[in-house]
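Taking it in order: structure first as structure tokens, then the write-up.
By written order: A, B and C. Residues from 1 in each chain.
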């Protein structure tokens, strides 16, 4: 991951921060104690990346070795606890950074898998895993059906970003940086549009009106 | 896994297909969206094998590299969505293929662990994991106590199949193929008989009549 | 792990035993069948260590290769099933051994990570993971919010023990054995005091009186 630009690096920490806030907020609402809130913030921020690193053989996982991720997650947890009423009202910025994190994690996840010499399918699957894994673990720990399986275009945006990275790497028409930028932009735009216009994937089992399940 | 016969390979894809259908059906009943149904179908079909591969050091896991598994899982999800009323009535064939998958995954899981040079205990534990892991993950994602921990002889059949593979490998009385065939047959027969005659393991905590818990 | 003293080894098996009893008791209360109880006993006893071993690259995980762990977990499950009314009354000894297990797993987890050449952050995070991982998996399988995220000082004690091991290794003032002993004692004492005096971490979201959530 070291060869990614410092802009990417900064954005990745911003994504970590946003994911950690979403974790800490959910944990805070369930009345977990201080340790629980910090643990869930860290797991949401780093869980997806840890699973990816286990699957590509990057031992030990970056989420466990780089103190920056831990510090960012703990700061996010601390801020969430301290400014909880503010954070709850800040729904829009949190969703914004969450979309940033989603896009970046999908792109860097797919890039890291390719960088370790794995094939395109691995890269796409692990790009999605990196992006949505933390959120799925959060929902498992809080015993609810993972939100990403039910609501709005989320994992699909990550899938598309990872796919762009893999196709860009395969056809090699553009430099890796351009491919990454395009993938980021598409994923981010798609997610923001989905949020604004409430785009959902079809729910085949819909007998009632879906979201109030 | 490459040295397993093409019959085995075909049967493994059939098992993958059956497991994916069981996942997609469960996800469809919980009103998940398109992505959610496909994701759960894939995870049920490949989750156990991915955990096994992580534990034996087969990086990246076969479930992530071989596109066949992904395609089979997606096709199964698509068919489940499209022909849902039919699939629901097809309970018997689905259970049949599920038993095929259970037997094959237990046998190939144990064989792969031995093939990577690990000892018999690892092979038995990972044979079971391969066979039941996907179903456990499915139930965790849908927030219910894993069915295999409560109902009918299921994991026990996988345990016996894996044990036969390990013992056969240890005593070396028969060729590996015969051992695999015997293990398959025993596991499959046991599972089908358990289904037909409702054999359950004793439930020590039974104060009420068990299944209506 | 082979270079740890035989006292440590005995205590680790005692911890495994205690964790397995806690798993089997919880599974028994949920009316799981024989296999389910044994599986959860094993997973609680060995789950944390297996995750640690995957993260540090100790393939295959010790919990899968060393038959002692499996036997201890199965014996614990058997005893729990057979003497269930007694085990329920034995709450104090179980909590005592659980605290022993917590301390030992935190210390040996951190030591093993350092021993594999990883840095202090990895050692602390995986020391905690080893100590509390099994309990978290138990609660996920039984679909409840992990107890350790809500109640009493538990993971914090493991964190402190792992931190002492890492600091001791870094400053190298004392022999590893002394550091381990100090870490064990601090963690164990803290946990026992927390149990006796009902020390909890603050729960920022507390609107009601916490534990009756």
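By definition in this document, a contact is a pair of C-beta atoms (placed from the backbone, for glycine too) under 8 Å apart; a residue touches a chain by one contact, two chains touch by 3 or more.
All of these numbers come straight from a predicted model, not from anything done at the bench.
> Do subunit A and subunit C face each other with the same patch, meaning over half of the contact numbers show up on both, or with different patches?
Answer different: the two copies use largely distinct residue numbers here.
> Between subunit A and subunit B, two copies of one chain sequence, what rotation angle (nearest 5 degrees) aligns their Cα atoms?
The C-alpha superposition of subunit A onto subunit B needs 120 degrees.
> If you average the Cα atoms of subunit A and of subunit C to get two centres, how far apart are those centres in Å?
The mean C-alpha positions of subunit A and subunit C differ by 30 Å.
> Would you give the residues of subunit A that are in contact with at least 2 other chains, written as numbers and ranges?
Each of 54, 140, 143 in subunit A touches at least two other chains.
> Considering only the defined contacts, which subunit C positions touch subunit B in the complex?
Of all residues in subunit C, those touching subunit B are 27-37, 39-40, 50, 54, 59-61, 64-65, 67, 70, 81, 84, 140-143.
> Residue numbers of subunit C touching subunit A in their complex, please.
Per the touch definition, subunit C meets subunit A at residues 54-57, 113, 118-119, 121-122, 125-126, 136, 140, 143-146, 148-151, 155-156, 159, 200-207, 210, 213.
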